[in-house]
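Residue numbering begins at 1 within each chain, and the chains themselves are lettered A, B, C and D in the order written.
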Amino acid sequence: MGLLAGCTGGDGGEGSADPLTVGVLVPFSGDYAWVGANVLPVVQMVAEEVNAAGGIGGRQLRVVQGDTEALPDASLSATQQLISVEEVAGIIGPTSLTYSAVADLFVENGVPTVTPTAGTTTLDTQGGEYVYRTVPSDSIGGRAIAAAAREERINGIGSFGSMALMVGQREVYQSFKEPIGSSFTEFGGTVVSELDFRTGKASYESEVQALTDAAPEITALVASIEDSVKIMEAAYQAGYEGSWFLTQDQTNVDFLSQSEAVVTDGALGIQEAPYEAAQADGRAAAFDEAIQAYAGWEETRLFATNAYDAANLLFLAMHKGQVDDGAVDRASTAANVRAVAAPDGTVVTDFDSGAAAISEGTAVDYRGLVGPIDFNEFGDIAAPFSIRRADGDSWVEAGRVRPADL
Amino acid sequence: MAIVTGWVAFVVTVATIACIYGLLTIGLNLQFGFTGLLNFGHVAFFAAGAYTAAIVSMPPPGTVPGARYMIGLAVPMPAGLLLTLAAATLMGGVLAALIGVSAIRLESHYLAIATFALAGIFYDVLVNERWLTNGTFGMTQVPKPLRATLGADAWALAYLLFAAATLAVVYLLVGRLLEAPFGRVLRGVRESTAAAEMLGKDTDRIKLVAFSLGGAIAGLAGGVYAHYIGSVVTGQFVAGVTFTVWAALLLGGVASHRGAVVGAFILVAFQQSTRFITTAYDAAVAAFPDTLGVVLTALAAPLPGHPAFLPSVRFMIIGLLFILVIRFRPAGVLGDPQEVTVMGSEE
Amino acid sequence: MVDLSGLAQALTFGLIEASVIALGAVGLTLSYGVTRFINFAYGEFLAWGAFTVVFLVAIAPALPLPLAVAVAVVAVGFMGVAVSGAFFEPIADRGGLPLLITSIGVAFVLRYLLVAIASTDARSLPVPLQRPVEWMGVGLTPVQAVVIGVAALAMLAIHGVLQYTTLGTVMRATSGNRELATVAGIDTEAVVRRTWVISAGAAALAGVLYTVLYAPVRPTFGFGYLIIIFAATLLGGIGRPYGAMLGAVLIGVTISVGSAYLSPAYDQAYAFIVLVVVLLVRPEGIRRGTF
Amino acid sequence: MARTILTVEGLTKRFGGLTAVDAAHLTVPEGQITGVIGPNGAGKSTLFDCITGITAPDAGSVRLGETELVGRAPHAIAHAGVGRTFQTPRIFEGMTVRENMAFAAVAQTGESVVGALARPGAVAAEEAETDARVDELLAFLTLDPLATAYAGELSGGQRKLLELGRVLMLDPTVLLLDEPLAGVNPTLGATIVDRLEALRTDGRTIVLIEHDLELVMRLCDTVVVLHHGATLAAGPPSVIRADPQVIDAYLGRMET
């Protein structure tokens, strides 16, 4: 699907009818190819919906892949390809892995960039003019984990006093460590041990031995699905009795299917809480159904909702530029991303309703699947978190953490 | 400064990366092409240079939020650029000398494995020793000299010229070395270490000098890379880089000084051009929706649709490149078959 | 609950991993015997073996695991012959260096062909998760015991082939010197083919055992594990199957004890350091004697 | 009696169970050709390997004039003045004949990185000097027409001549030649013998391993006979030819 679906077939004619290009700048090869596999279909689906409704200013949207390979030099040429050759009007991406290598190019070329995946804390104090994100920062995510671990009323198991931090040696995981550790201490808990481990190892017996020696009540395990399965199974074999707290990467059905209930049952996880409003009016369910059909998934994958919101925001911003100044350009689109999400506008929840309202000249407030999408000065969003507990091969919601609580 | 837009901007980026790979290939050619030292750990010297340049030029830890590294000498730019590049070159050479002193006497197959293993150890050190390399967060504030004053487009062009000039200078210096008796001694050591030894040449020292020089040039490439990308992270220094440089050398021509640089440019151009396969495919289907579109769709239909499919095809092509060059054109594009007896017959 | 700390347990974990390394090292050393080059594509046979079983189990869940493994071992065995015939034999007379560099290319082709088919997702095998049982003072799960058993049986089988079959004698003769063997009237082409079947088959079995022990695995795990297999092969003395077995035990124990008592983040490094030291001190390996 | 230039005493080398060289002793008079003969496996090549440092002897000493050579690296021994050729010539096939010869020129500024880059003048001068010497030797060895050919294209005999020329570039005090005539056609063989005699008259000291006993007896001033790694006998050809031990162990067959 991915190979073919890339083509949204602009009509190739000259003048205003030539296609409006949007770049998806994430890894499509290497260990992180799954990120591209999760994000691309969502952006293509939304783009096809927009094109079906006549596109933006009569111009069809064209989605182009920029493969960063999760390598700095490859991400630089991928970004240059999107900005200079494809002349994209906006970019969905990049991930935390290559953000710092290419951030300069976004700002210099004034390219509106909405990343659905980069939770890294390095972005906490950057962005906001050209770079926005529809995924909450790891610092908020980490704080929510700490808060949930301390409150039985949220996690439904117990108020944990001692915690071990078991974190993979990659920026995308290390970015969680400080927020979880400091918040947990701030909320009155004690961090009994910090274990950084090399990712992608064959087995983790020694690391688990160190964990069982520390004997924490709960372990915050920040790692990939495959490493988490290995660690939790090794811990089960070593007789580890404590609980687990996992991050968004692992809180999904795919993770549960890779191990056995006896290991995963009772493990706590975290996901952006499906926005009550989105759940109440059935949008979340409708999206799940649509994307699972479109991309052939059995379950809505990680970053899918974030990518949905990112795409809608970007296209609405372009549409606003088209309506206000009769043309889509990078500078206006960048400013419009913030405008179309401003809290004071009338609430809209998808491109069609949003575009219609904008065409009539009313200010809109886009509210997505991930949350209300109200950007702070750095282009970050706060989102409510759903704390989940593994039960057999599915996750049960144990409680909620609102941004206000943190 | 609107000159660097559109295709030009992309080509400027790709050309700068090609210059950096050109330096790496010259270094490897000095080690393998001319001296017969099978180095499968070239990326370690590249990384040593990049990290040294970062450590010498990065701001001190206190000023950077969340810094885990301890040393940041904040050498002022742009004056300090030569200093950081010199340090990078020196560190690449020192690391190569350290590895060389222990491994140089090994027979070529074992040297390949030893260098491959030592590069693996060096990668683990980069990831684990946070005090030095900031761990997997990487050194992300490496200054880009004159970046503020020139603005993006002009700077991109200026840095390309700088990288090309560095490549040219290294090319000329190494070229002169290779024409001098030094080059002749290397080739003799490559052909038969025993005979060279019998003719009074201290072959261990010569191999060590060649290996260290190759490592130093790779270190310099690391320095040029660090100031270009502005961030040095462990994710960049994987074994794939070593074998990309090997592919460039084989393509260009083993033991051909010109071939090494040409090979690097050809390979980088090939790698970057495969980015456009999806767009070219879309354009082709869009342009001829009925005839070609049907054929292409039919062709593509059975292929697995997951996005990792296309990039894996690219790597398979690079693999085939290794196989075909060795089998049908061991001398590579510009290599001289006469010269490359080492590829033809065992000592 | 079994206490999994202490030296005895570290040695046990080392032996468990050694059974996988040994199979790979013996396979590699056998093919080195008749081809005289270090094959950097060898790790991909581990991955192909593992993913063939994953694929077979996926399309035919009813198929018992051992049968799927057997099919995979045979299939990858013949794949080894095909790869050798296509890429290595045509330039066999050109000496070890071109073959070694070609094997890098073959490694890329095999690895990314597998990625193209299976994508980069991590997969596992339907193996029950068990808690270790106390056995002579150390903890061992039945699955781990089976893995050691299977590896030992496979090694015994290879030993049997080498010592008590005509193929074995001919293989040992050819591994000494291929030209000499041809002159002595041995059909070396056939011997090389049969050796590749055993060598690639052993790699496939090693890959399956690796996946049983260390699931989930990605299709690129073979190349990463190559250097551990090299360490064992060279430690035992290149071209010596019995040396490779001994080398595998030493490397497995080194990694496990090193991880337990030094830092687990440098587990690969311990195997590398042992390898480099051996290369410098005794390039011909620790095991005296010829074959 | 000519001065002894190279003395080998009690030289022993064992490979596993086999004693390849067994307390061999050898004195090489200056300015003469010394022949070393003995059946295959008598340890002749191993003797050369031990003298030139390629294999470290288990016991014994090798003295060039006053300096002890055992334990020094082959390149140091070569520098000390011991030049050597191999049974099968190890020429640099990927380089031209001229480059093969120029390779052996003694340590030049151009061979060091700094020298090659910083002192082009000195390098050029040395290169000119080397080229002159190369031309002179190539002419002496009748190889001048092949100067620019790749060494890989030479015939067996031409390779022997090239290896001889290459080692002469070192201007060695003692020249160890390992079967310089093996596999060489007679006409080229005659040229080689003629050149060896010219070298002797030029005062060069040569030690020669050769199987052609008739040639050895005719060419060499002294002959040393090795048998199972030990020195069986040494002396002028006439004495050796009549020595009962040698006849019994080695020459007996040749007489009939």
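Throughout what follows, a contact is a pair of C-beta atoms (placed from the backbone, for glycine too) under 8 Å apart; a residue touches a chain by one contact, two chains touch by 3 or more.
A quick note: this is a predicted structure, and the numbers were derived from the prediction, not measured.
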Task: Pieces of the assembly without chain D, by contact - done: one piece
TODO: Average the CA atoms of each chain to get its centre, and name the chain whose centre is farthest from that of chain B.
DONE: D
Task: Pair with more cross-chain C-beta pairs in contact, given B-D and B-C - done: B-C
Open item on the list: Using only alpha carbons, which chain's centroid is the nearest to the whole structure's centroid?
Closed with: B
TODO: Determine the centre-to-centre distance between chain B and chain D, using the mean Cα coordinates as centres, and give it in whole Å.
DONE: 45
Task: Centroid distance [mean C-alpha coordinates] between chain B and chain A, Å - done: 33
Task: chain A and chain C: spacing of chain centres that average the CA atoms, whole Å - done: 40
Open item on the list: Among all residues of chain C, which ones touch two or more of the remaining chains?
Closed with: 119-120, 265
Task: Where chain A touches two or more other chains at once, by residue number - done: 29-30, 33, 37, 169, 196, 198
TODO: Scan chain B for residues touching two or more other chains and write them down.
DONE: 124, 127-128, 306, 308-309, 312, 315, 342
Task: Chains that touch, pairwise - done: A-B, A-C, B-C, B-D
Open item on the list: Could you list, by residue number, the parts of chain D that touch chain B in their complex?
Closed with: 52, 54, 73-75, 78-79, 83-84, 86, 90-95, 99-100, 102-108, 110-113, 115-117, 120, 123, 126-127, 150, 152, 166-167, 169-170
Task: Touching residues (chain side chain C, partner chain B) in the complex - done: 37-38, 87, 90-91, 94-98, 100-102, 104-113, 115-117, 119-120, 223, 227, 230-231, 234, 263, 265-266, 268-269, 272-273, 275-276, 279-280, 283
TODO: Give every residue of chain A touching chain B within the complex, in rising order.
DONE: 1-4, 6-7, 9-12, 28-30, 33, 36-37, 40, 62, 64-67, 69-73, 76-78, 80-81, 83-87, 97, 100-101, 104-105, 108-109, 121-122, 125, 169-171, 174, 178, 196, 198
Open item on the list: Touching residues of chain B toward chain D in the complex: what are they?
Closed with: 173, 176-177, 180-182, 184-185, 187-188, 190-192, 194-203, 209, 213, 255, 338-342
TODO: Under the touch definition given earlier, write down the residues of chain B that touch chain A in their complex.
DONE: 5-10, 13-14, 17, 20, 65-66, 124, 127-128, 135-138, 140, 144, 147, 151-153, 225, 229-231, 233, 235-236, 238, 272, 275-276, 278-279, 281-283, 285-287, 289, 297, 300-301, 303, 305-312, 314-315
